[in-house]
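Multiple structures follow.
One chain, chain A, appears in both complexes that follow, with chain B as partner in the first and chain C in the second.
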Partner chain A sequence: MSLFTACRSMAEWTAEYLLIPIFNFQAGLFPPFSNPAGSVADWLGTDGGLDTLAWTYAVNIAFMVGMTNLILVIHLERKIAARIQDRRGPMLSLRSLRELKEDLAGEAPTWKFKDNYSGIGIIQNLVDGIKAITKELIVPTKADRFLFTMGPIIFISSSVFLLVLFPLSDRFAASSAPAGLMVIMAAFSIAPIGVLTSGWASNNKYSMIGGMRSAAQLMAYEIPLLLSMAGVFLLAGSFDPVTIVEQQQEGTWLFGLPMWNIIPQFIGFIVFMICILAEVERVPFDLPEAEAELVEGWTTEYSGIRYMLFLAAEYIRGFAGAAVATILFLGGWAGPWPVPPEIWFLIKVYLIIIFWIFIRWSVPRIRTDQILELGWKKLLPLSLINILIVILMVEIYPYFSNIITLPEVF
Partner chain B sequence: MAEMWISMGPQHPMTHGLWTLKVKVDGETIVDADPELGYLHRSVEKMGERRKYFMNTTLTDRLCYASSTTWTHCYTHTVEELMEVEVPVRAQYIRTIMLELQRLASHLMWAGAYMPDLGHITGALYFWRDRELFLNLLELPSGSRLLYNFIRIGGVKRDLPNGFEEKTERILKLFEQRLDEYSDLFENSKIFRMRTDDVGKFTAEQAKNFGITGPNLRGCGTKFDLRKHDTYEIYEEIDWDISTREAGPGYSDCFSRYMVRIDEMKESVRIIRDCFKKMPAGATLASRIPVRAHGEAFRRTEDSRGEAMMYVVGDGSDRPYRWKIKSPMFTTMSACPHYLKGYKLADIPAIMGSIDICIGETDK
Partner chain C sequence: MDLVLLIFWFLASLILASAWAVVNGNDIVHSVVWLATVFLLTACLFIIADAEFLAVIQVLVYVGAISVVIIFGIMLTKRTLKGGEDV
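Let's turn to the complex of A and B:
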């Protein structure tokens, strides 16, 4: 049973027993609104109305799954970073709040952690969220108020949009489009417009330079990124995530292991991983918000929940980037039987994210001219070489397969 | 993008203190720079003229929070020459040990502050974790962790506590291991080299003209260290070498300055070990310390950041008539437009961090 079928039956149930009675009741109650309410009730009875409701449910479930993952990713980042840096990281949990209450009841002068205390600190995210919501939203006096508000909206909505675009498995998908991965990359490319907008609207030199850097970085990295993906599309003959993952299960490799795209297209995988790091603006490619020289760059003037949503959106983009890498190169949700495919998918995504966290906390940031040089002079030729290899594999090799026999890998 | 002035500071992550760097950028390239100092001026010299000679060690401690012992030593050294006080040999050894421990702590503080400039937060925590070890060591004889007030006119406050040598040896061994570990994370890292190689270059000739001293000068390959060339305390009896490094023929970059400081830390470890080996027994404070002084004295010592110079004039009373401090960072920072021009905006933290700024001593 796929996510959509489940949502469809849920939609039928809710429409029949909940929504249609409510709208019918309203249609009887208020004469001015009776006509629209009645129309909605009629529409919910039709097939199209039920489909729309089912999609709404599916998108909401995918959104909730993505948000849960966001909290986990942020927590993972903090804890792993802390372990790398010889710290303990956040340790605030429900138990520590209880101990605080006990200490306060005992009129302890200061709050100390108990000796045997070991919380995992998952509550820290919640506390940070509360802190961010309660802070003042400052808009600089000479800022362009409209664009200053629009910047975060563009950035955050395009990032949250990503969450519902990729499937967790062939049955757990909130959206299905033949051009699925193209839509994902298009959604990825919207965010720099928000960055540029908020950088310019802040009326701050640091922010503006940060926005400009973001634009330059996007141009240098979007092209090798898409070219490295083109190899996968050529092999699968489709932009559809499901087709791409199924295609990766066809061939076998040593010991009967499935030949995922990482093996024939290793160059493409490397290029893609570097480019997607630049795309989601993580260290070593977080130039637009370099805190050493630009004081957080384009987010300098933002405060409170706006700033927090920027941070959250960056993690969402990171999660989506890791998901795309998994679909394209790591066989997606494929894995041995007892573990469900959705869990396999998340395991692979989290392995990539942990790898990124290790990179983030062990290398410095590189410079603007270097990042552009890397993008244009090194990654672009490499991605073209990758495409050449794929073309040789797909188009040229079948004609000569009678004369020369390559190993099973190809 | 048109040329524009960007003001970095007084509150900016790059500044490491309280100063302003105004840079004129053309896009991302630096066209001009203008450092502005004076936000942290506390008129230490004038305050010192109102206090008795032995009181001023509290002021010199506060000249530079990262390297307070070296400044106190520079002051006491000058006043001892003015008063013609003979420092006991054991006190000189203890002073050398404390100075080198302070140099280690200061360089670790610098390295920790330099890494976030390059976007490497983990490096800061690693180096500051090691700095804690040396602060613990400095705490043992002096009783405090930041401003020690341990070196006095005529000697040191008290003898080293029992078991100090063993503790020091244990920490030095751990520290050497860790420096080896860090070499993979920093100097062998490709991205670290990309950020520091051929950035912020100046030649030895320029450095001499600007008055740049200390590790920044030795980063150009110039073998000049006041501990050898204008020796004080017992540095001439100790077995150690001047650590130099050059990026190319006679010029330095951020990486060579980084490496000079790492090598200097290794040399400091050598000095401390040798001091413990050669240290004699005896008194730690001179038997006769005068209160009044007449005449003038000038000494220079090798601070963690360069040549610290002090000039004290006594008029026969128990207070200095004139006290002049010359800070090494003042000249180095004043020359910053010369070695900032032509580099990118992102290089500003890399360059200004690599010269090891301390605003406390610069603004006095």
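Let's turn to the complex of A and C:
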């Protein structure tokens, strides 16, 4: 059973027993309340209305799953960073809060588990969220108020939009579009406008330099990124994530292993991983918010919940980027039987994210001229070579397959 | 009235309003943001005309690349911060 059919039956149930009675009751009241209520109730009885309601439920479920993953990714980042630096990271738990309360009140501890007790610290995310909400929202006096408010809206909404676009498996999908992956890349490409406008509107040197660096970085990586994806699209003949993942299961490699795109298109995989790292602005490509050089980059002037949502949106983009890499090159949700496909997908995504966290604490930041040189002189030719290899595989090789026989590897 | 026609008129009026804001904006950066809005709303028009792929490419090329290049070009030219300080 897919997510949509489950949502469809849920929509039928809620429409029949909850929504249609409510709207019918409202239609019996006096106007203005009664005006559209009757027609809404009629519409909910039709097929189209139920489908719309079902998609709404599916999108909400995918959004909740994505937000849960966001909290886990942030927590993983803090914990692994702490371990790399030989610390323990956040250890706050309900138990330690109770001990603190007893300590402050001067009471004797009610229950002691062991002396060096440490929690997992997942509650720290909640605490930080409450802290961010209660902070003051500062707008600088000479900032451009309109764009200062619009920048976060553009950046955060386009990032959160990403959460519902990629499927976790062929049955767990909140959207189905034949141009699926191109929609994801389009949503990715809106965000730099938000970065540039919020950097410019802050009326601050550091913010503006951060925004300009972001644009320079975009020009360096955007073309190789899409060209390295083009190889996969050529091989699968589709933009649809489900088709791309199914195509990767067709060929076999050594020992009957499935030939995922990482094997014939290894060059493309390397180019894509570098470019998606630049797209989600993680170290070593975090030039726009280089905290050692530019205070906090384009987010310098933002405070409170706006800054928190900027951080959250960046992690959402990281999660979505890892998901796209998994779909394109790592076989998506395919894996041995007993583990469900959604879990396989998340395992692969989290492996990529853990790899990125290790990179973050291992390599120095790249310079602006270096990233332009890397993008245009190295990654662009490499992605073109990758496309050439794919064209040889798909278009040329079938004509000569009766003359030349390649080993079974291909 | 047909729902699709209603959406079309709504989008068309929004596009015209944004285009008016592009021309009459006080600040050139505001104009570019409104221009990006025009491109985005035009992509929505393509979607209700059942041309999904064209809409996606419109967002990818016009909003994602051309608007950013225009903003970048404006920012690269000599500008001063409010308060008269050079960047």
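Keep in mind that, in the parts below, the second predicted complex is superposed on the first by the 400 of 410 C-alpha atoms of A that agree within 3 Å, B and C clash if a C-alpha of one lies under 4 Å from a C-alpha of the other, contacts with A are read in each partner's own complex, and residues count from 1 in each chain.
The rule we apply is simple: a contact is a pair of C-beta atoms (placed from the backbone, for glycine too) under 8 Å apart; a residue touches a chain by one contact, two chains touch by 3 or more.
Not measured: the values here are computed from a predicted model.
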| said: Let me test your reading of the model: by the given contact rule, A:197 touches which partner, first (chain B), second (chain C), both or neither? | reply: second
| said: On the A-aligned overlay, A:87 touches which partner chain: chain B = first, chain C = second, or both, or neither? | reply: first
| query | Which partner does A:363 reach: the first (chain B), the second (chain C), both, or neither? | reply | first
| query | Which of the two partners, first being chain B and second being chain C, lies in contact with A:375: first, second, both, or neither? | reply | neither
| said: By the touch definition at the top of the document, which applies to A:297: first (chain B), second (chain C), both, or neither? | reply: neither
| task | Have a look at where A:212 lands relative to chain B and chain C in the superposition and call it first, second, both or neither. | result | both
| task | Check the residue A:179 against both partner chains and state whether it touches chain B (first), chain C (second), both, or neither. | result | second
| query | In the superposed arrangement, does A:284 touch chain B (first), chain C (second), both or neither? | reply | first
| task | Examine A:119 and indicate which partner it touches, taking first as chain B and second as chain C; both and neither are also allowed. | result | neither
| task | Name the residues of chain A shared by its contacts with chain B and its contacts with chain C. | result | 205, 209, 212
| task | Name, in rising order, each residue of chain A that touches chain B in their complex. | result | 81, 84-87, 205-206, 209, 212-213, 283-284, 286-287, 290-295, 361-370
| said: Quick check on the complex: what are the chain C residues that touch chain A? | reply: 27, 29-30, 33, 36, 40, 52-53, 56-57, 59-60, 63-65, 67-69, 71-72, 75-76, 81-83, 85, 87
| request: Report the residues of chain B in contact with chain A in the complex, numbered from low to high. | output: 1, 4, 6, 8, 12-14, 28, 115-123, 125-126, 129, 185, 189, 191-192, 194-195, 344-349
| query | Hey, which residues of chain A end up touching chain C in the complex? | reply | 142, 144, 146-147, 150, 177-179, 182-183, 185-190, 192-193, 196-197, 200-201, 203-205, 208-209, 211-212, 215-216, 218-219, 222
